[in-house]
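For reference, the structures are reproduced in the following blocks.
Presented sequentially are two complexes of chain A, the first with chain B as partner and the second with chain C.
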Partner chain A sequence: MISRHQIAFKNLLRKKARTFLTLVGIVLSSWVLVSLLGFNRGYEAALNRDIDNLGYQIMVMAKGCPYEAATMMLQGGAGLRYIEEDVAKGIESRPEVAGVTPILMQAFFDPNKGDGGGIAGYYGVDMQTFPAMKPFLRFRKGGWPQGSEAAEAVMGFEAAELEQREVGDSILVPEKNVELKVVGILERTGTQDDGTIFVPLKTLQQVAGLDKITTIGIKVKKDADIAKLEAALYQLPDMQVVSFSQVKQTIMKLIATARVMVLSIAVIALLIAMVGVVNTVLMSVMERRHEIGILKTMGAMPGDIFRLVWTETLLLCAGGGVVGIGLALAFARLSDLLVRRVLPYAPGGELVAIDLKLCALTLLIIVAVGLLSGVYPAWKAGRVRPLDAIRGGL
Partner chain B sequence: MTPGADVILEARGLTRLYGRGSEQVQALKGVSLQIQRGDFISFTGPSGSGKTTLVNLLGCLDNPTAGQLDVAGRRIFGGGGPLGERDLTRIRREIFGYIFQNFYLIPTLTVAENVALPLAFYRKPGVEGEVDRLLTLLGMEHRRNHLPGQISGGEMQRVAIARALVNKPAVLLADEPTGSLDTQRTQEIGEILQNLSAQAGLTIVMVTHNPALAALGSRRIEMRDGQIQDT
Partner chain C sequence: MLTGFGTRLHFPAGKFLLVPALLCLFPLTTPLSAAISCELNFPASDVARLFPGSTGFKTIYFSFAGHGGPPLLRRVEARLGGVPALYAPLEVPYVLYEVYKGTKKIGYVHGVNQKGQFGVLEVFVSLDLEGRIKAFYLQRIAGKWANKFTASKFGAPFVGLTLRDFDQFNLLTGKGRGRVAAMVNPAPEAATDFFGLLRAVNKNLVLMDAFFFAPDPVAP
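Showing the complex of A and B:
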């Protein structure tokens, strides 16, 4: 007629305010825990995805180049340092290398962009090697330019949105007054490619009046010794080597430090919730000692009472856990935005990745911690002697 | 039938000592008595006379310091060392039902759920339908879905009686069952107990200060200074 679970549930309803406050503690703890575990997983996956989406694992550029590029982006002045195209051929001949792609980065000041003008970034890419190195790039419309010297361009998703261009439209390269025909618009990738305009390498070299490149993208063979290749590349005079595995490691190290701190906070939150659960259930046991004594006169064994009190803890924790996880799922996007604001570097895509497996894991942790919290009160309740309880002691 | 086959409880020389600091208090001094099936026994006497201590021992809620107790022909105390809580629970749930001055109903359970509560822990064979039968018998059917806070004190004690009887005990132990009730409700509960004894053949062992309630029993035992004074 009435099950132990129903009795346990109705016991929790006796002191609604106390149960509610304990529940709030568990909800917040599970919310924080699942969001942090989701961030832990999501950030690494997003970073890996960003790096994989580059299509190459190593970039070689002229020494000082990144800083000058930054200056150029800020001020629209100063020229980049350049590399001879032959360097790319030398690197390609190494046994560890699966392929190379030469890139020319150019930025032109566009007085019509935004308020007071802005920088338009162009990537001169080799039509033979670049698309093959990034096979995951999908076109919303159109395709890559036909011919290595075609006056054609492919626009990243955001660049096309910003310029309001469609396939077949023309764009004018600022400062140079050269007209390019838009032949393709990419799908959104969540990476820097979204804001880039891709042009055949030779075409951009002609527009810029150069016969050099700024960067070489290197794709390494699957089982190759990357460290050995990097060591060899460092020997190239006046070249700077950027290894994305190193970049990734550095970022992950920084994130790991923050992660330890944040996980510590989550553990503390969990411990506080645990103390709250112990307190609530223990108080409830003390208040009900007479009734527990009566239950024992009715035939309840110490194990029955233990399970009853433990079930109350389980219901409390499972309920709080489910609500907390639900809130974490509902507000995952908000958490994502907040995390992005705080982090110095946030890769594209989903930063807080919460899936069913993670939800189940979190619920398991919360319930396990809750059950652990319930052991002492349940044990205490199980030991109540009916006569002592009826007389008023415990 | 062998002699004494109708004896449900038999105590011989039951003694209970309590330690109070360095002092020892003898709450019960070698009490012996027999209770037959279907008896309605009232224990009366002043506070501290040992009546509750005796009923607690008869109801296997406590171990005696010395003496023997047989329940339904089975030696419970006096055949070895003191019994553990599990053993006492096993005996209690087979033989006894208890009601107390405070009803100890669970406030968030309905009347029917409170009555059915013991069945969540232990269910004797053949108790199906007992909840409905007892609610009807005790005139509480119309209140079955009410919470304890919505019924009177007398009704709460009726619910407590139904709860005590749901597993069909052989003996009902009642410790001051009307201690919290007014005269009219006391009379009602007394009549209910009398009917249960007379019509259902239930053995009732009751402790009370109330002479009118005690008079309803088939036998009245007066306790004084831990001993039976008068029967």
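Showing the complex of A and C:
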């Protein structure tokens, strides 16, 4: 005996072009919906990951001192300002602080780097505290320097590739002509660390001929009041504080507007698709009034007709939803690339994170909204009066 | 100053961190690129200097992945003596500057990376359409002897060399005859860099030969 689902499927196939176009509408709207929900989830996770990968949540440096490699490279050594190492000890004693790591950024002029020379940047890091703050750093080969004054260096993946260095090779600090042995090369991280050359802090201080630092990285205790700590750090004279929680909040606020707009577009797309569903099923019901009338004379109850028409809606929405979600999964990386092109700042890693849970949720939304939009046509079909329909009257 | 940018852009109160935030985080996802083999730092002025009389150039990219694949790579490496191998050669695109005078192509500028004593050597040559070196340019070298190699006196003997000149010289043993063998190392303490530079020029000419002057059958 033919089932209700088979009848509904056959009914949909009667008008293939119409069914196909309705299906395309549902496919596109579910594709957009799952991709956007995936973006909502993926962006925040990626941003958190980037910030966590810094190893510390707050940075303190002298006012006006550049604190990232790009500016240091542009300004060279001229923009660097120094702070005393004792400042780090003072900060470490605060109850909110889990640990601090002093950093010295140094830029040396290399006259033989292209025409007119160029800047080579080095990060002096404390071997006692820095590796512990970045436990996620993995070595492709070698390891951290042994000893706080070793004439050794660790190179980020890109830095090593650019300079064609391997563990055991040497690099020369320009200007100072100090030779350092490469003892470790990091795995690719997708962060600034990839282009960085790390040197023991004391070594770099000796090379540069100073006993100060440029930056203090601060790891905050879990559940500590970061705002309170930031407020206290702002009181330090001539210091600037960069809080990555603030950075994150600022970026999330910036993105939030875009997210609301894009989600609105997704909802509108979903509504348009559902109007298409209503139209298709209603048209189908109108065209089959005569047939529905015969079914009723044969004993079909209004509930049977309602369920039959509703099943058609269910098949349309479930089919379109599954295909749309499949396309979203297949083209997730492409969506990722497109999103990256339009966003002012995009963290590393997966931006559009689509998993099975999200797929199921999207399918549920599509089917639920679809079934809702199928209520009216199904109700209309259930109310058809058999004799009027057979006679062709209203 | 970074915070100055934020102020000048007139972000609402409390949003002053936006620009530093973006500047700070942007490099996290844009690590220094090593995706391209060897590029001129200032192509417009460098090409004009390396190719006097030129009026323009076109930048093109080629790679083993796009042309010839692993078979061509193996043949090229064999021509280079097997050791040292090309560095990340298969996927990495090489950059070639096609040089024009008006609409007429008059030559090429091409660079390669080579491992040096304290860092990478970025070695460019300009070539006429027959593959003869017209100019030698060492864009990058590390070491206190660097200026001896970047001096025009060191680069001059490369002018006029072709791939045939390198056939008479063994780059692995450092022995042979002809013009390449006659070249003098200006910094005897920097033998790694000196032979690295010779190997780089040879690699440069071999790549140009394999891809452009006498394309291998597997390469288009």
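We take it that the second predicted complex is superposed on the first by the 363 of 394 C-alpha atoms of A that agree within 3 Å, B and C clash if a C-alpha of one lies under 4 Å from a C-alpha of the other, contacts with A are read in each partner's own complex, and residues count from 1 in each chain.
What we mean here is this: a contact is a pair of C-beta atoms (placed from the backbone, for glycine too) under 8 Å apart; a residue touches a chain by one contact, two chains touch by 3 or more.
These numbers were taken from a predicted model, which means no experiment stands behind them.
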{"item": "Partner chain(s) touched by A:346 [first = chain B, second = chain C, both, neither]", "value": "second"}
{"item": "First, second, both or neither for A:247, with chain B first and chain C second", "value": "second"}
{"item": "Partner chain in contact with A:220 - chain B first, chain C second, else both or neither", "value": "neither"}
{"item": "First (chain B), second (chain C), both or neither touched by A:316", "value": "neither"}
{"item": "Partner chain in contact with A:127 - chain B first, chain C second, else both or neither", "value": "neither"}
{"item": "More chain A residues in contact [chain B versus chain C]", "value": "C"}
{"item": "Touched partner set for A:294, first chain B, second chain C, both or neither", "value": "first"}
{"item": "Common ground on chain A, meaning residues reached by chain C in one complex and by chain B in the other", "value": "none"}
{"item": "Complex contact set, residues of chain A against chain C", "value": "50-51, 53-54, 64, 66-71, 110-115, 118, 156-159, 161-165, 170-172, 174, 177, 179, 188-195, 240, 242-243, 246-247, 250-251, 253-254, 344-348"}
{"item": "Sites on chain C touched by chain A in the complex", "value": "1-3, 15, 17-18, 20-29, 31-34, 41-42, 45-46, 87-88, 113-120, 139-144, 146-147, 150"}
{"item": "Interfacial residue positions of chain A with respect to chain B in the complex", "value": "1-4, 6-7, 10-11, 13-14, 290-291, 294-302, 304, 385-387, 390"}
{"item": "Interface residues, chain B side, partner chain A - complex", "value": "56, 61-62, 85-86, 89, 92-93, 96, 98, 100, 102, 104, 106-109, 112-113, 116-122, 131, 163-164, 167"}
